[in-house]
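Next come two complexes built around chain A: one with chain B, the other with chain C.
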Partner chain A sequence: MRIILIGFGNLGKGLARIFVDKADFLRKTYGLVPHVVAVADERGAAMDENGLNLSKLLKVAEKKSVAAYEGGKRGKMALEVIEDMEADVVYELTPTNIKNGEPGFTHIKRAMLTGKHVITSNKGPLVVAFGELDSLARKCGVEFRYSASVGGAIPVINLARRLLAGNEIREVCGVLNGTTNYILTRMSTEGVPFEIVLREAQELGIAEKDPTLDIRGIDTACKITILANSILGIDAKLEHVKVTGIDRISSEAIRLAREAGQTIKLVGVARRGSLEVGPRLVPFGHPLAVGGTLNAVKFELDLAREITITGFGAGPQETSSSLLGDLIDIHRTLGG
Partner chain B sequence: MRIILIGFGNLGKGLARIFVDKADFLRKTYGLVPHVVAVADERGAAMDENGLNLSKLLKVAEKKSVAAYEGGKRGKMALEVIEDMEADVVYELTPTNIKNGEPGFTHIKRAMLTGKHVITSNKGPLVVAFGELDSLARKCGVEFRYSASVGGAIPVINLARRLLAGNEIREVCGVLNGTTNYILTRMSTEGVPFEIVLREAQELGIAEKDPTLDIRGIDTACKITILANSILGIDAKLEHVKVTGIDRISSEAIRLAREAGQTIKLVGVARRGSLEVGPRLVPFGHPLAVGGTLNAVKFELDLAREITITGFGAGPQETSSSLLGDLIDIHRTLGG
Partner chain C sequence: MLVKIVMELEDVPGQLLKALEPISRFGGNIQSIMHQRERKTPLGRVPVMLVFEISDKARMNKILNELRTMGVRITQLGEREGAVRSTVLLVGHIVHTDIMGTIDRLNGIRGVMVSDLSLAMGAPNKESAARMTITAGDEKRLRLAISTLRRAAGRKKLLMITSLEETE
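Moving on to the complex of A and B:
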């Protein structure tokens, strides 16, 4: 399978590393040989129609742009690569931009229009134009997969679409942001105030320097938008979600909750007619009462009543589990 | 799709009711029309090659054997029905017998040998002869599905086999018995002793009159055996599982655990070289710390690290979710 990687940050590098480490396993188990024919980062691209040497490329990329790889080109941009190279699958792994979805939005469209399947972790294009991309994929006869955009390693979307067939899904709700869950868990177990836990989380690399998108609930709202579209079939956009963050939650509120056998979680809820994100009381023993950086997603169903799935919602290796799962699935379904 | 139901207790009736209630949904969503051509219980059978009227049959079965349905026959009919009726799928829904797997074992073999796909919830044949049935299904070119045998409504086996592709599964562990989980949860939250909670659970119908298989951990050991075979590819039998029950757990032990932020759960663990069932300390906030009658199954994986899925592990309606899911999947894969 010929593959183009667009974006070569932690996620792209993590995936390339797994292609190297799991080459034997993938060939033996699925007959899948991932030939990465091009990789583009923000400064240039490396290309080889016979397949790049990924170990070499990862070495180069430790210090420089992938353009420094033998035969690579500075200034050769993602769109050119997508158009010029023959490939089966484009991985779109550039950072999320929730304003207009760019540059991922254009990358994905170009890939589809040139007949390539698309796998992405990028929430931007999905919250801006889910319906448009979904239709375009059908029109172009290509697969469009975005398992890694919600829940990191957790196969949320495929679980709902494939394994819960026969059920009517009435509601999806979840703890969908590891940073805020880490903060709330430490506030609850250790009684430390919000600002102090946040600062420590930033020092540990669990929270970003600018943590606004996480603690204000925007990241969770993006994921709820994607779940509403992909699982409930609601034509939702980010602005339809009513959002409250966790930045005003006091240690006192958390202590009182704890004394009552409860914990406070940032929960996103999607059901027909209502998309919401905000802090919610969750009793200990409830499936959403997961601690640390874990995520959890709960489905309300007519037959099974409720199914919850939990796991790590972030991290390059964990997210690669979903990125690789999408590739294996396309390979199984379509061959190649 | 022509269907034979063998066994018409709560589970068989629940499934028949869902075929009636979801007829429109199944036809519109999946193009699936389930024609139940025969139903056998322990006293007789009802047959109609054009499809039984399930609403009528359910009425009859409220008080009598299905043999009382128009044109039905008295007697031990299951094997005859499997042989004589043309059908695509046999549902084997008789009670679990862990000694020799009968009568389910023979029913399943006969169904396969006459070219019929098999869907079952029956743990007996699976713990007695998983490998033999798996091979026979391949030899006969039929599908063999048993999602409902572990975890009730939770799609444990398909999650592992399909959605976690690309991962190496290192360990599967879980809270796999709702009765014991209910007892342990109430002992923990209310401080009530084992014997009293057990008696109340029996009055509520959550525990059986003879609760031995549940509280001694045998039911959990059956499920661990099935997971070891189906997910880890270990050729395991029930007698390979080291089992300790929950009948000796004191209120004092549970109180001490609770004071240390922990709870006690009956946990089954399967990994290469070790199959075990026994009480384990689980911290609050851990994905296995689910309360009430919930079940939870956790996978340890090389990429995703850990994924846990929780839901209701018993109940006719909940289990029908898995029984129906298997049928839809066979229909999607093979048509018919």
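Moving on to the complex of A and C:
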């Protein structure tokens, strides 16, 4: 399969590493040979019709743009790469922009219009224009996969859409942000104040330098928007989600909760007629009372009643599990 | 609500303890246990009568399902409305925004009572936190009390954290 990677940050590099490490496994198990024919970052692109040497490319990209790879081009932009290169699949892995979804939105549309399947982890285009992209994919006759956009390694969307396909999904709710869950867990187990745990999380690389999107619940709201669209069939946008963050949660509040056998979690809930994100009281021992950076998602279903799934919601290797799964799935569905 | 059940347990050590575990796990508060050894069934099982308090029907059903899954036979089941409750947390300038007024208003709803209040003062000029338990005669009244509290919290710029089971 011929593949284009757009975006070569932690996720892109992580995926390239997995392609190298699992080359034998993919060939033997699925007859899948991923030829990465182009990689673009914000400064340029590396291209090779016969497939790039990913180990070499990873080495180059440690310090420089991928354009420094043999035969690479500075200033060659992602859009041109998508148009110029022959490929089966485009991975759109640029950073999330919740305002207008760009540049991912345009990348995805161009890939579809030029007949390429799209796999993305980018929440921006999905929260801005899920419906538009979904119908464009259908119109162009290409596959559009975004498993990695919600829950990182946890197969939330595919579990719901495939294995639970016979159920009516009444509600999906979950702890969908590892950063805030780490902060709330530390506050609950150690009694440490919010500001101190936040700083600690930033030093550990669990929280970003600007943690606003996580702390204010906006990242969780993005995921709720995607789940509402993809598994509940609600035509929702980010602004339809009622959001409250965790920035007002004090050690005192956590202690009062603990004394009543409860913990505070940032929970997103999607059900017909109500999309909301906010701190909630969750009893210790409840399936959503997961610790550390773990995520958990609970489905309420008419037949199966309740199913909860837990796992790591972030990290390049963990997210690669979903990104690679989407590729194998396209390969198995369509061959090639 | 109060739930009374009679279940039959095998007459071997540890059975009662095992049967009580799901009740506490799902938040049930056991009020009485009566072991009726003298009324052993022909199969040698011992009837045990148990009364426990539980916040809602969903949790009661979870407990009953768990017990059935464990192979416990439930021979009688009775429930009495009368004590549904919910715990909420409030964060903000609670004392300065007249928490007593809010409690009076909730207590003014027929069949509703604020049954517990714990206050944790923050540092000077910082927000404080309160945990409130609202008890009501039935689910409908409890919902009314919670939405009344939600409106008050909105006016007073308090952050209100409800239990996962509460829906808006």
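We take it that the second predicted complex is superposed on the first by the 336 of 336 C-alpha atoms of A that agree within 3 Å, B and C clash if a C-alpha of one lies under 4 Å from a C-alpha of the other, contacts with A are read in each partner's own complex, and residues count from 1 in each chain.
Note that in this section a contact is a pair of C-beta atoms (placed from the backbone, for glycine too) under 8 Å apart; a residue touches a chain by one contact, two chains touch by 3 or more.
Fair warning: this is a prediction, and the values are worked out from it, not measured in the lab.
Student: Using the overlay on chain A, decide if chain B and chain C clash or can fit next to each other.
Tutor: Aligned on chain A, chain B and chain C clash with each other.
Student: State whether A:Asp329 touches chain B only (first), chain C only (second), both chains, or neither.
Tutor: In the superposition, A:Asp329 contacts chain B only.
Student: Applying the document's definition of touch, where does A:Pro155 land relative to chain B and chain C: first, second, both, or neither?
Tutor: First partner only, chain B.
Student: Mind working out whether A:Gly233 is in touch with chain B, chain C, both or neither, as first, second, both or neither?
Tutor: A:Gly233 contacts neither chain B nor chain C.
Student: Could you say whether A:His286 touches chain B, chain C, both of them, or neither, answering first, second, both or neither?
Tutor: So A:His286 meets both chain B and chain C here.
Student: Does the superposition put A:Ile249 against chain B (first), chain C (second), both, or neither?
Tutor: A:Ile249 sits against chain C, while chain B stays out of touch.
Student: With the two complexes superposed on chain A, say which partner A:Ala260 touches: chain B (first), chain C (second), both, or neither.
Tutor: Second partner only, chain C.
Student: Looking at A:Ser320, would you say it contacts chain B, chain C, both, or neither? Reply first, second, both or neither.
Tutor: The first partner, chain B, only.
Student: Touch check for A:Leu294: first (chain B), second (chain C), both, or neither?
Tutor: first
Student: Per the contact definition in the header, classify A:Phe312: touching chain B only (first), chain C only (second), both, or neither.
Tutor: A:Phe312: touches chain B, not chain C.
Student: Have a look at 7-15, 151-159 or 187-195 and say which bit of chain B overlaps chain C after the superposition.
Tutor: Residues of chain B that run into chain C: 187-195.
Student: Quick check on the output: what are the common chain A residues between the chain B footprint and the chain C footprint?
Tutor: The overlap between the chain B and chain C interfaces on chain A comprises residues 261, 283, 285-286.
Student: Considering only the defined contacts, which chain A positions touch chain C in the complex?
Tutor: Counting only chain A, the residues touching chain C are 173, 244, 248-250, 252-253, 255-257, 259-262, 264-265, 267, 274, 276, 278-283, 285-286, 288.
Student: Across the complex, what residues on chain C touch chain A?
Tutor: It comes out as residues 25, 27, 87-89, 91-92, 118, 120-122, 126-131, 133, 159, 161-164, 167-168.
Student: Where on chain B is chain A touching in the complex?
Tutor: Touch residues, chain B against chain A: 18, 22, 25-26, 30, 153-155, 158-159, 162-168, 185, 189, 261, 263, 283-287, 289-292, 294, 296, 301, 303-312, 317-318, 320-322, 324-325, 327-329, 332.
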